Amino acid sequence: MLGKGLLQGLAVTAKNLVGSYHDPARYVTQEYPEVPPKLPEAYRNFPFLVSETADDPMGTLRCVACQICEKECPPQCIYIEKSKDKKPDATGKPQIYPAVFAIDTAVCMSCQICVEVCPFDAIKMDQEFAIAATDRFGGLLLNREQLAKPNAYYHQIHPTEAAEVDARLAAERRAAEEKARLAAAAKAAPKAAAPASAAMSPTRTAPAPTAAVPPPAPPPSSP
Amino acid sequence: METPEALRDRLLARFPGASIELVPNGSPSAQVSFRIGPAALREVACFLRDDAELALDQCSNVTGLDVPDREVVETVKESQPGAPGGPPVVTERKQTRLQPGHLEVVYHLYSVARRQGPVILRARTGNRTDAVTLPSLTPVWRSCEFQEREVFDLFGVVFEGHPDLRRILMWDAFVGHPMRKDYVEPDDYEWEPTPHGDVLAKARRHYPSAAAPGAVQPSP
Amino acid sequence: MMLPDPAATGLARVRKIEGDALGLRTPAFAPTEGAGDLLEVSLGPHHPSTHGVFRMDVVLDGERIVRLKPVFGYLHRNHEKLGEATSYLGSMPYTDRLDYLNSMTNNWAYALAVEKLAGIPVTERAEYVRVVLAELSRLLNHTCLAGFLMQDCGCSGTPLMYAFREREKILDLFESLSGSRMMCNVQRFGGCRVDPSAEWLAATRRLVDGYGAFLDEFEALLSGNEIVMARTQGVGRLPAALAVNAGITGPMLRASGVGHDLRKVDGYGVYPRFNFRVPIGRDGDVYDRYMVRMLEMRESIAILDQALRDLPGGPILDPKAKQRGLRPKAGEAYGRIEGPKGEIGFFLVSDGTGNPTRYRVRAPSFVNLTVLEDLCLGHTVADAVIILGSIDIVLGEVDR
Amino acid sequence: MILAVAPASPADAWLERAPLLLRDALTGWLPDALRPWVSALLSIAVILGVFGLLFAYMTLAERKLLGRMQNRPGPNRTGPFGLLQPFADAIKALTKEDIVPRAADRVLHFLAPVVLVALSLLGLAVIPFGRNLVAVELEAAVLYFFAAGAATELSIFMAGWASRNKYSLLAAMRALAQLISYEVPLLLSVVPVVVVAGSLSTTGIVAAQGGWAAGIWPHWHALTPWGFSAFAVFMIAALAESNRSPFDLPEAESELIAGHLTEYSGFKYALFFMAEYLGMAALSAMAVTLFLGGWQAPLGLLEFVPSYAWFGVKLLLLLLGFIWIRATFPRLRIDQLTRLSWKFLVPLALVNLLNGGFWAATADWSGPAAAVRWLVSALLVVVPFVALARSLAAGYGPRTYRYAPS
Amino acid sequence: MSDAPTAASVPGPISAEERDELRRHGILLTSVQELYNWGRSHSVWPLNFGLACCAIEMIAASMAKFDIARFGSEVFRPSPRQADLIIVSGTVTKKMAPHVVRLWNQMPEPKYCIAMGACAISGGPFKQGYNVLKGIDRYIPVDIYIPGCPPRPEALLHGLVELQEKIRQQPLRGPDAPRHLRSDLPCDATVPELGATDIEPPFSPDVWKPPTLVRPDKA
């Protein structure tokens, strides 16, 4: 009968009108500025650079300026200049570091390929999205200082992934130390007097936190 | 469906004068294609569509390909009569030859009725400048209409018999065919914070004073 | 409340396109006898119902369309040229931005083409995950399409709101899996980048279980609505023969009564293992195109049910499969899948280097627009808007 | 409540007489010659104020209710609960740059919204908002109302024509078609009311609907078979006359950008917006007057509530109906719109004329004859409705779908 | 817009004393300013205008989950004449650029522009393309840039809140006055034309002032 479909439709909207007052499934609004969105752990927006500590971010960047991400970045929004000198990294090995590391967030397409290709776990995806700016060049081009965020922040936003990364890095470091110890032992073997290589190298106190115990969450560094 | 070789033989038998050759495909996909001379292209296409066994009633995809001119270095052996009675003197000489490029159009045909395919047709233009005309297959398959227009727009292949051959993606006043390999983009570079590669080269052209414009901060 | 057949309205067929082998092109209509001046109107590129920056140059006799020329290219962002300048892996995130509602299926089609080109096998688990993601994407696409179509019919946002309410649920799943709502960038050559967790699968199961109820409500709101039926039935009829010849694929082809679905025809991935049906329409009008999509969603739910049930364990990505610095042997491959909008294909030509020398996207909505003029002639502006809506275009894919 | 003890006649209640008392208090000190003038001005001011506010909050209510039907809250941050949203919009609209296209007809372009608002307001003069609350007492009030209302579509045509925009022009043509099509059923649906009530005056028609059958069933016209049919036709035509969804063809956003409004900005656009709501309110007020008993209470027991409150409640309910319909339905096409009018509403209204005549002629049937009277009247509604609906819906309907053989 | 207005065309900036004087005499000025800014900041009606991927997120922002209506901005007007805000949401191609600028010119003052997403800001991932405009700010003055590809709907809401804040902070007189109250600024943006290979002019010098290059080590 003419009108049945119309009445059915009216019933649906009426049901939703009434439901919006008592049924959460029919009132789905999240009032954004007051209620922050529940971002899933995997959420990614723009990359940031992982530094080991919050105190000295520039000194403890994991990035060694290998420029793989710069080359692989599909929209070419990363710019890196290698340093002329070397600085000791987390394991004490002297490494080149990025003298300039800039990401143009006005170009970045958040594809995460830089993260995938980075062999040093030095670049990860941030979750900060409320970064509207009134100035394109001043506000959206992020330099090394703005990009660096401590490992603890990484643990805060991607706990599972960060734990895996730390475990892997720790294992790699242990393996490297083991290898170095064996090499040293092999070298030291002829000199029988050498003491047990217990005091390996006092400089190599890995600052990386263990996987099991995430560090206390510091306030996220402001972008 | 019959093998490509069988199909080629059948086509050759049906169109004796036509140039039809099988183009091998080196990749694991093993999708071989047929290169058809432009003269017979339309007839072959009609045959493929109307043949009861093949019934290739749908042309799914039309693509242009640009094979640019290439400089080929080849070694030429020249023998000159040497000393009388002796062996001829053979001199080897390297010469570069310009191998003219061409444009190619690739058609992927499928049969909806018989659920088979693809049969891939290719047609080649004479060169990349003046002899760029190919017969249009739009009268055979309507699906070619926009795709051939696109090939015309971006590659510059002129399709004869196309009902409405105009630019489709670029604007009408546009000059040039952007998908060709030698297309030079308009130089609209102004300022780029993270230049490298080609962009860096452009940046250097624009800002000769800055020897290597790196990731710079705008001046306050 | 149906428009009479255009032939009966005094609009005579006047022109036959030369060289039209099958005579399938609908000829232009002449204006009615004694009609006044014709009105040329350019619908778009900024128009609420062109689904982006699409333009239709129409010539009107009163409100009746006498001629219609689609104008493309307002979103031509050089996808193919960029693809030829980018590595195989680097093009993956670009494919997200083709049909930006369905990054999942775009990813899959591209991955499939590269896998064909380089001969990379896909892990079993990844095949199932691909099916799950693609069918979720199909649900998302068809739901949004129905909402947009009803918006074009003149609804004040309600169906679109309901559609987007459900879309958000699917996007939450996508986001918690891939990290992004729309640009998922999930597929890799030989598998997927991410492995769904048990919680994710459980959440998906909950969504799938509840989706039928949403469809019921949505259909109660619209499918039986007399105004919807009057507006859409008999409008934009597409005969099957023309549809096949014009390269129409996807739900639009099926609405014309051709049961052609690449999931059945090509049987790519693990689709042959699932039990599902292919709904087909009879008239090929806007209502059929709408209803075929509604029915397809129910089949998608069935596929999701089975895929989630049978999802095997094992690696999601073959660690040996090369991603970065992939250099396939010289050759070419065309890979296609049944995207929500139709056959989405990638044609790749490799010359043995790290970039494809030709990177071509066969975009379903671009080819489906071929018949736009044929469908619209003799109808009114209001019909043209919903006909365009029922074709389901996304400009990112049309213009690339 | 003070009025819990009902006075002898509800008309004497203090609250009921409050508006009149207020008027007398304000004008009592004036010389007799001035008094009617000032009180007329007062009524104009009150109507402008009340309906201005009603317009402001109708827009807000529409946005909020639409929001609720769409699972969201709607405007809620401008002032408490978003209550100041209409005023923010008003400030914005009034201070916005006014653009007149170079090609436009400047005079008509300016006149169209002004005329539209003025005409929408004119109709309100003859609506009895309560007992003894009518700005102008006219013998032929109904005629006057529809004469003023008919001119609104003309100003839409003016707007569309003057803009020199193709979309506006199409909208203007649609507006004309709509005007001609829907004036007819609108007027035809009123005729039986006039016949039954025996009056062209709005107060007379309201008075005719007073009282209750068996003390509970009000004598409202909408509660009789012929009246219900006329009411339905009237409301559908009113939807079309006020260009509301699903008949918002002149302003069809998805087809004609904004139709006749495409070239209007700033306060002129706001005037159109206002006119749409005022027109809607005027037509609803007329519907309340003609079919829903005007200011009459639905039950004798409820007579202690002042009459203007009842009028307000009924008016608001009808307006809510407009919003509800807008939230649900898609838009018709122009040929379907005219067909709905000529092939469905007009025949229905014509049959209803007969029905109304029958009802008027059988006013004195009582007892079992009354049941026959109701039955005949109901049949005179149902039979044509079924027949016309069937012919209107011929050719479309739900379909069954097949699946491809695999 | 840091360049000072010329003294001839507009009254110069109000000095502190003058402002005090004005405050003393006319609370009206500040209250009118506040009322005006309050009104227009709470009634920002966007143009119903989408370009690409970001447009879907813009639509999503107006849908139930995010509900831009809460800010009074759900009234997406299809006609530029009634819109206050253009959200450039997506890639602006060269073919489209003239239309976008014309839409901007068709909007009545006061009007605002949000560049939503990487493409609108700079061309984004597609900026190396031959048909892609490298940022809409070459022709239109942009008020708020929202980076992201695409930005989440919340990011758009954040941008809208920032815009409202910016509007509220605008003094009605002086060098920081909004564009529409300053007679020294051009009232129409330059509409580019489609040329043989590129759009001309490639940018509008009134609006687009690229930064000068300063090497970090020499700065």
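The first chain written gets the first letter, and so on, giving A, B, C, D and E; residue counts start at 1 in each chain.
By our rule, a contact is a pair of C-beta atoms (placed from the backbone, for glycine too) under 8 Å apart; a residue touches a chain by one contact, two chains touch by 3 or more.
The structure displayed is predicted, hence computed values, not measured ones.
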{"item": "If a chain touches subunit A and subunit C alike, it appears here", "value": "B, D, E"}
{"item": "Comparison of B-C and A-B (more C-beta pairs in contact)", "value": "B-C"}
{"item": "Nearest-to-centre chain - CA centroid comparison", "value": "C"}
{"item": "Chain located farthest away, centre of subunit B as origin (C-alpha)", "value": "D"}
{"item": "Inter-centroid spacing, subunit D versus subunit B (mean Cα positions, whole Å)", "value": "67"}
{"item": "Between subunit C and subunit D, centroid-to-centroid distance (C-alpha), Å", "value": "43"}
{"item": "Inter-centroid spacing, subunit E versus subunit D (mean Cα positions, whole Å)", "value": "41"}
{"item": "Residues within subunit C bordering two or more other chains", "value": "47-48, 73, 76, 78, 81, 93-94, 97, 158, 161-162, 165, 168, 183, 221-229, 260, 399"}
{"item": "Two or more partner chains touched - positions in subunit E", "value": "48, 63-65, 67, 70, 78, 95, 125-126, 128, 130-131, 149, 152, 211, 216"}
{"item": "Touching two or more other chains - residue numbers and ranges from subunit A", "value": "2-3, 6, 9, 12-13, 16, 28-29, 31, 74, 76, 100, 104, 106-107, 109-110, 137"}
{"item": "Contacting chain pairs - touch in the sense defined above", "value": "A-B, A-C, A-D, A-E, B-C, B-E, C-D, C-E, D-E"}
{"item": "Contact footprint of subunit A on subunit B as seen in their complex", "value": "191, 193-197, 199, 214-215, 217-218"}
{"item": "In the complex, subunit A residues that touch subunit D", "value": "1-3, 6, 9-10, 12-14, 16-17, 19-21, 26-29, 31"}
{"item": "Subunit E-touching residues of subunit D, taken from the complex the two chains share", "value": "63, 67, 70-78, 82, 84-85, 87-93, 95-99, 253, 257-258, 261-266, 269"}
{"item": "Subunit A-facing residues of subunit C, complex", "value": "86-87, 89-94, 96-97, 158, 162, 165, 168, 172, 175-180, 183, 185, 193-194, 217, 220-229, 323-324"}
{"item": "Contact footprint of subunit B on subunit A as seen in their complex", "value": "70, 76-79, 81, 100-104, 106-107, 137-138, 141, 143"}
